[in-house]
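One chain, subunit A, links the two complexes that follow: it is found with subunit B in the first and with subunit C in the second.
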Partner chain A sequence: MKDLFFKDGVIGDPMNRVDGRLKVTGGARYSAEYELPGLVHSALVGSTIAKGRITSIDTKAAERAPGVMAVITHVNSIKVPGFAASAHPSEPSTIGQPLRVFYDEKIYFNDQPVAIVVADTLERARYAAGLVKVQYAAEQHQTSFDANTSRAVLPTSAKRNPKSPLADYDRGQTNAFQTAPVKLEAEYVIPSEMHNPMELQAIVAHWEAADKLTVYDKVQAVKGTQKAFAKDWKIPEENVKVIATFVGGAFGNGLHNWPHETAAIIAAKMVGRPVKLMLTREQMFTMVGYRPHAWQRVGIGATPDGKLVGITHEATGQTSSYEEFTESTLQQTRMMYQSPNVTTRYRILPLDVSTPIWMRGPGEATGAFALESALDELSYLLNIDPIELRLRNYTDQDPEKNLPWSTKFLKECYQMGADRIGWNKRPAKPGTLRDGDWLVGYGMGVGTFGANRRPAKARARLLANGTVLLQSATTDIGPGTGTVMVQIAADALGLPPKAIVFELGNSTFPEAPSQGGSATVASVGSAVVAACAELKKKLLELGGPGFSGAKPEDVTINSRVQMRAYNSSLPLEIGLRTNASVKVSYSDVLQRNGGQEVEVVGEGRPGNERQKYSMYSFSVHFAEVKVHTMTGEVRVTKMVSCADAGTIVNHKTAGNQMIGGAVGGIGMALTEAAVIDHRFGRYVTKDFAEYHVPVQADAPAIEVAFVDKPDLLVDPMGTKGIGEIAIIGVAPAIANAVFNATGKRIRELPITPDKLI
Partner chain B sequence: MNQFQYVRPTKQKAAIDAFGREADTQFIAGGTNLLDLMKRGVMNPTKLVDINRLPLDRIDRDKGTLLIGALALNSTVAEHPQVRQLHPLLGQALSAGASAQLRNMATVGGNMLQRTRCYYFYDTAMPCNKREPGSGCGALEGYNRMHAIFGFSDKCIAVHPSDMSVALVALDATVLVSGPKGDRRIPFGGLHRLPGDTPQRDTNLEPGELITAVSIPDNPFTKNVHYLKVRERASYAFALVSVAAALHIENNVIRDARLAMGGVAHKPWRLTEAEKSLIGKLATEATFRQAADVAMQGARAFKHNAYKLKMAPNSIIQALKQAAAVA
Partner chain C sequence: MADQNPDQHPTGPKPGHNGARRTFLKQSTALTAFALTPGPVLKAAGSAWDEKVAAAIEQVPLRLDINGKKYKLSVEPRTTLLDLLREQLHLTGTKKGCDYGQCGACTVHVDGQRINSCLTLAVMQDGKKVTTIEGLAEGEKLHPIQEAFIKHDGFQCGYCTPGQIMSAVACIREGHANSEGEIREYMSGNICRCGAYPNIVAAIQEVKNGGQKV
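Let's look at the complex of A and B:
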């Protein structure tokens, strides 16, 4: 049908973002930009110790400061009714719970919010926040990962469920790599990397009635946030409204509800006014999640001709004392290569720090750094090209689940990437290719992430003006969700994109999952397809006698669409693809529908195909780097990222996502490290001058190539996620290129000049 | 941020008078550093004297010197034809600093007065003798990756962060100052101090003294110069180590040389002995290595900055090679 109206189809078009103009002109409203009547401002006071308790808080000076309406601490805070009453938030459940802000005098991490000051202006709130004087009884904190490794434990979820993917895993013989003729064992470390999307964490909390809360909040899950706050405040879910129409980047940062959100909600309740709270950039480093510091050890062994004998991969990730944060660091090791023996061990290490959270390519990006570095090291021991080594251990079915892949076009990715980066220029012997004072090297790394899909709903309404309005409670944290949903609906309805409006970021819309885990297009796109099918079905029912016996998929919303032209001034008619003479005006349909615009809700959910197939997206990243022989500086001079991510709905937004992931990977590989001074349990690199995210000058030309073959087992559009695989495998590609350039293997990120000189 | 008084005089004398005797007054120009420090409570002036309306942004050549007004913007100076022609080393150093946006706001006077980027100085919850005399040096036993290898004391091991200052000290610039007691000239090397027992004092300026201009004498360093800044990201990062190198070469013999380092001390670190070791020698890598050896005499590292003991001499050699165009 799409061929009839759009010769080239809507799916795949590198269409501009539907909200691009709003974003670049300032018309898009982000959480902190809702200027509600009576809105007041606030600022947080953070603890200056990492562990202990507050012995006294002197708020008098702050309260007397001009414009101050309230200074709220654990002493005077209203109690959040849903907070568990145990002494430590992780007791009795050791899986824990989010920090209970202003609950009691206990301090669990440095810069923990201990007070919120509400005032009529932001400046006055911040000034008064500086006047709050807090006394502590400090206890000995443990923030050093290295000093506490013996305290690492198996996560509770794995203890409870031996089949958990976090549980100890043994395929074949344990530690069989030790028996291999060619083997290596190496340790890899990544530091904590801090979430720093462009938009700071911000919330406007507004109690519209004593039991009715609206929040404009920077979150990735409007429904999840609705549920969390309803539970906290013991009010019905429908009494909580969460708005996140625009989110200025999140990367996982918005997948958890953080203490500052509840602080603002408490404040709004106590002052009886809408309260705005936006974190400072420094606070983004201390209380809203991060990629956790992780230690890993990989043992890998192969036959002389490069057949893997065994891989043993151990990982320990940092978490807080009050929540068990876990991530699937070892997943790629279990399923990526044809090794008869695979051993994985995952542990977490609770420290007196704030809780980490998923950060783009969560776990897998950490794990891939170790695994893909170790394979590279093995390739030199074997004297086999790194791509060839991977091809010799290619898996035609998932060796972990013993299931066929739904689709896997990884070989195509290797080929496309090798051609584009110029892999033939890579010297087999490291440290032998020079360009003046610079050593040149090439490296590659593989990434994979589950092609996830979750149940989701979408509402479709055919407006009298001919626009199809779609709504779903998903969010768009930057990938262009709104844009691709318009494309999917346009394709499903045979309408031009401009006839579609897609709304999201509102908890009153039909249920959709959080935007996380690369699952939004597969989940919400499926719901959109279902809603469009429901809409056609409903129109068929309301079409009248001429439509009886016709199939829903033949229904057209057609009179305004004449071959590729769309004329909104023509009357809106419903017709049949199979019989041009059957037509009914939409005004007649409306009449038959009791004067109501036709509205349906469609639901998409994964079926049992997930028990029959293993579903993953795949990526291969290639890097060309130059390392200065005298100063140790590393510059990435070219990158190529190739992905098997099923159908590409929009080549422009998908390409943007891949490029963003590659730049994030450059930061992970070369510049980003959140350092704690363990004497104080406090971060020392906590602003953009000292914590280095890559700048434009660090990002070279990044070429993106997609296989673009549909995987119709995953979802009706044939898509597989992109968000995570865009970064998974980038850091090892760069680390491997640095080795190829210099012969120096850096196993602790980031690879800064001091490590190479 | 604390409340403060704010005045914006249009005359230099009025600005100096407005400073008065209050110890916690600050002049403000571009504000690229001071505002950050005020927002974080690191500096809490009760009065700001905004000098942006003073007529101090001119760049003039007169009697063998180039006079650059204190309010000339970093970006303006970096691109100025006479700077590029007469003192390309200064242009290179300025362009290596901060980001384009900051260079468009930051002034020459403010650049040389920017405070250290030591983590402990910036966090009011940690000790720092520079911020709070007597509280201790957080960096001495702490995370001292960015810190000094020369001229430090047990009270402070912070480094001066400016790139421009490294070029100016190499070029024998003079700072023109006006204050309550009149005008005076300070050789650039005497502007900044070593920390000693009073790390709270970055410079030898007296209270109320205003930098009005910097003067650079003509010199033969118009061709063989290089400012090398080593950092882990390609832009907008403070130097791990930087080197300002200027050579006057005739027939492959070094007739005169200037050499200074940044990121290694509490002040821009002029390397006069290394300069002497270069003069009269052939412009070869061997000569440069020898100069680097001389330059590094007395260097001492801490737990996290030992890499500078190798990066610094390497950078000197590299900068001299690039200045001399020696492959």
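Let's look at the complex of A and C:
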């Protein structure tokens, strides 16, 4: 497919996951599952007020409880040396800083950790945590978004940098939609949504020496976590080791280091033993971020033939009082459609709540709900098919950056999706298609996300048995990172996948970015390609006389024929693709390498093509829904998700990721809402009985189609990210289908039956 | 803490088991005596004593057959089967996802029935036969459902997977896997936040329709 890769390679194969066996046998070890000698357990005590200060903590009963080794609060906690000493966590940095756990008596949100109890067993820790008595001086808290909208502000980063994507944006005339012959203005609301990965956030913290920390931690960034804790404890980075071999889902909530992690690290230091802390499901709602509640207003106008005149899109997202959380809610509005006039305004609203964090399709998923709903509304006003309306405003270059797209196969996505969902069955007039007691409707929504790529490194070592061991400090929260890296390396080296081992989730490995922003394959895959190229180069150098003058890319590790019948007991030979008679045994190469296995580090980083092209992944989601005429129950009966995500390295895992995004989008559209009782500033949805994530019965047949055309400007494999576009655009597709079925436009998610009857 | 020697048979009451109960009876008598003394005295003595008494009686004997191995254990009555498996026996294949019986990640088989191991106290299963994900394969040979989950990619992060698989096996054995709709209904107690649901259904259908022994 490309020069770098052998034509009969495995890129594109729907290969089974390399870690599948571990996952189906219970052998995969997650953060809380490491046994260490002397390991002790812990439990957190959370505040019961949302704002104010602790006036006293009575820990006597807890300390006396059986098996309890320590009860740690702000009163007796050791001081974390790297914590800023300012009065308020957001000073001096106006971007804010994570909550300093056990730092002082101040309370910033309800269920803020105020104590950690360490005991020899989990039951004893949990019991004793219930004995800690805390007295507060409460202050009036503000947790209601609606009651505080006037306090929304421009994010500091936008104030400092007017070119920030968060800054006010005006293309052409401000609010030009108002001048359009056909126009509408509408408000859209999404509630806070919780990531709620199945694995509860967990950490095992172990001080191996006074200045040497190892954590087994549920994070999406082992290097980022290493840096954060090194800074906190003022110890060298290499003294902090972060292990996250398996991460049981995260969807973004592992992109931030949270107070519970530092609580466990403090506790481990104070008791001199490894400490395990696993949050409860209730604490997953209060301590590890969420997709923030957001209000949006869209004004959109067009000519009668469906040419957009202008879009105005305003958004306000919730944040905490101590950190300025922002996300790119308005990005899609600025670049998706050929509108001469676009106005965007982004604000954040600090409340007495914990800090949000990016949740799958961060910002964009929120923004797309408003934008793609508004386009659908406009299509009915214009009496133009929603796909046709989008095609009439299709952009052949990025109207925001005025750059050509690196690749854009969105038209193909529209076509593939329309064919597969049966778009021709969609009634032009809402509420007219019936199936017994059910109204049937069809809807679609578009998603996009930057085809990001970041610098990354990977190490490659050719073992004497012919296995190539690759290592990179990335993580795998579920997409199948290890599997696709094996495929990429197999193709780059001309080896079968079983000759490759890829290791991740360890901060001692070469630097890689966090697993976030749909950038892992592009970033780490490029590093793997670079490492494989370096390996060939090094083998060429060590190959001896026969290899002089040859090109590194022609170096082979064993011959293709031998490798198809790969057998690690065969003697390992290095050869040349271009000349079968040139061969050298690996044992000779080892000798020339001083007896050491050949090892290299490759680095991949994006180049200046990013200044010349605009790079995005695209998706179109289609939904068929049935709405019960009596109960208002909405069933998604079929979904089709189509994506332009460049080369698909593994159709099985990539398809699964798309399916997962669609299921997540069903939750966003129909069931998920985190609700605060504002009298107490505390969530009343605190487990799966009240916060409804989609279950098996909510998931319909979901068909996935990829354009599967490489984008070689993004990275050498031609990939673009999938994780975010899998969910961005799903919620509006469903909301639009509900309108098509019922004629009822629901602009506040989730679309629960009460809104339809 | 648990006695982790499988197949070890008891030779008599050990301190901490029945011995502890005898101690408790004596102390209870002492507490009764306290109850007759004036309030302030009771409070002062009781707060120290309560915890000591509690600590002394909190271990009870328990016998379990887990994945074909016989365990003779002593556990606190408040210990759930889930926490016993994970924290004391280090059988961490069984996952904790909520502790409220709402997510199914902790599904195991007890005497052949699927249950949420977080919703049962370990002592309630005395003498029972427990199968966890670690006990499903026969040596190196995976159970057909495990094979099908790999083939159909019935997972992403893998955390809910052991529970899904234990539930899937039971779902077929119960006769609740006769259609896609029935599988969806009877697998709805196992949440997969990654959303691999259709692949899970495909895996179950393949095994069910293939007529393989589960």
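Everything that follows uses one rule, which is that the second predicted complex is superposed on the first by the 745 of 757 C-alpha atoms of A that agree within 3 Å, B and C clash if a C-alpha of one lies under 4 Å from a C-alpha of the other, contacts with A are read in each partner's own complex, and residues count from 1 in each chain.
Assume a contact is a pair of C-beta atoms (placed from the backbone, for glycine too) under 8 Å apart; a residue touches a chain by one contact, two chains touch by 3 or more.
Note that this is a predicted model, so its numbers are computed, not measured.
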Exercise. Taking the superposition as given, does A:480 touch the first partner, subunit B, the second, subunit C, both, or neither?
Worked result: second
For this session: Would you sort A:20 into first (subunit B), second (subunit C), both or neither based on which partner it touches?
Result: second
For this session: Pick one for A:307: touches subunit B only (first), subunit C only (second), both, or neither.
Result: neither
Exercise. What's your read, subunit B or subunit C touching more residues of subunit A?
Worked result: C
Problem set entry | Touching partner for A:709 - first (subunit B), second (subunit C), both, neither | neither
For this session: Pick one for A:679: touches subunit B only (first), subunit C only (second), both, or neither.
Result: first
Problem set entry | Touching partner for A:694 - first (subunit B), second (subunit C), both, neither | both
For this session: Kindly classify A:53 by the partners it touches after superposition: subunit B alone (first), subunit C alone (second), both, or neither?
Result: neither
Exercise. If you stack the two complexes on chain A, which partner ends up touching A:632: first (subunit B), second (subunit C), both, or neither?
Worked result: first
Exercise. Touching A:392, do we find subunit B (first), subunit C (second), both, or neither?
Worked result: neither
Problem set entry | Overlap of subunit C and subunit B interfaces on subunit A (superposed complexes) | 123, 127, 687, 689, 694-697
Seminar exercise, completed: In their shared complex, subunit A is touched by residues of subunit B numbered 1-3, 39-41, 99, 117, 119-120, 122-123, 125-126, 138, 141-143, 145, 228, 230-238, 240, 307, 310-311, 314-315, 317-318, 327
Exercise. Can you name the residues of subunit A that touch subunit B in the complex?
Worked result: 48, 123, 126-127, 130, 282, 436-437, 628, 630-635, 670-671, 675, 677, 679-680, 682, 684-687, 689-690, 692, 694-698, 750, 752-755, 757
Exercise. Contact residues on subunit C for subunit A in the complex?
Worked result: 1, 47-48, 51-52, 54-55, 58, 76, 78-79, 83, 86-87, 90-100, 102-103, 105, 132-134, 136-137, 142, 146, 149-151, 153, 155-162, 165, 183-185, 187-201
For this session: Report the residues of subunit A in contact with subunit C in the complex, numbered from low to high.
Result: 16-17, 19-30, 32-33, 35, 41, 61, 64-67, 121-123, 127, 195-200, 246-251, 278, 280-281, 477-480, 652-653, 655-657, 659-664, 687-689, 693-697, 699, 701-702
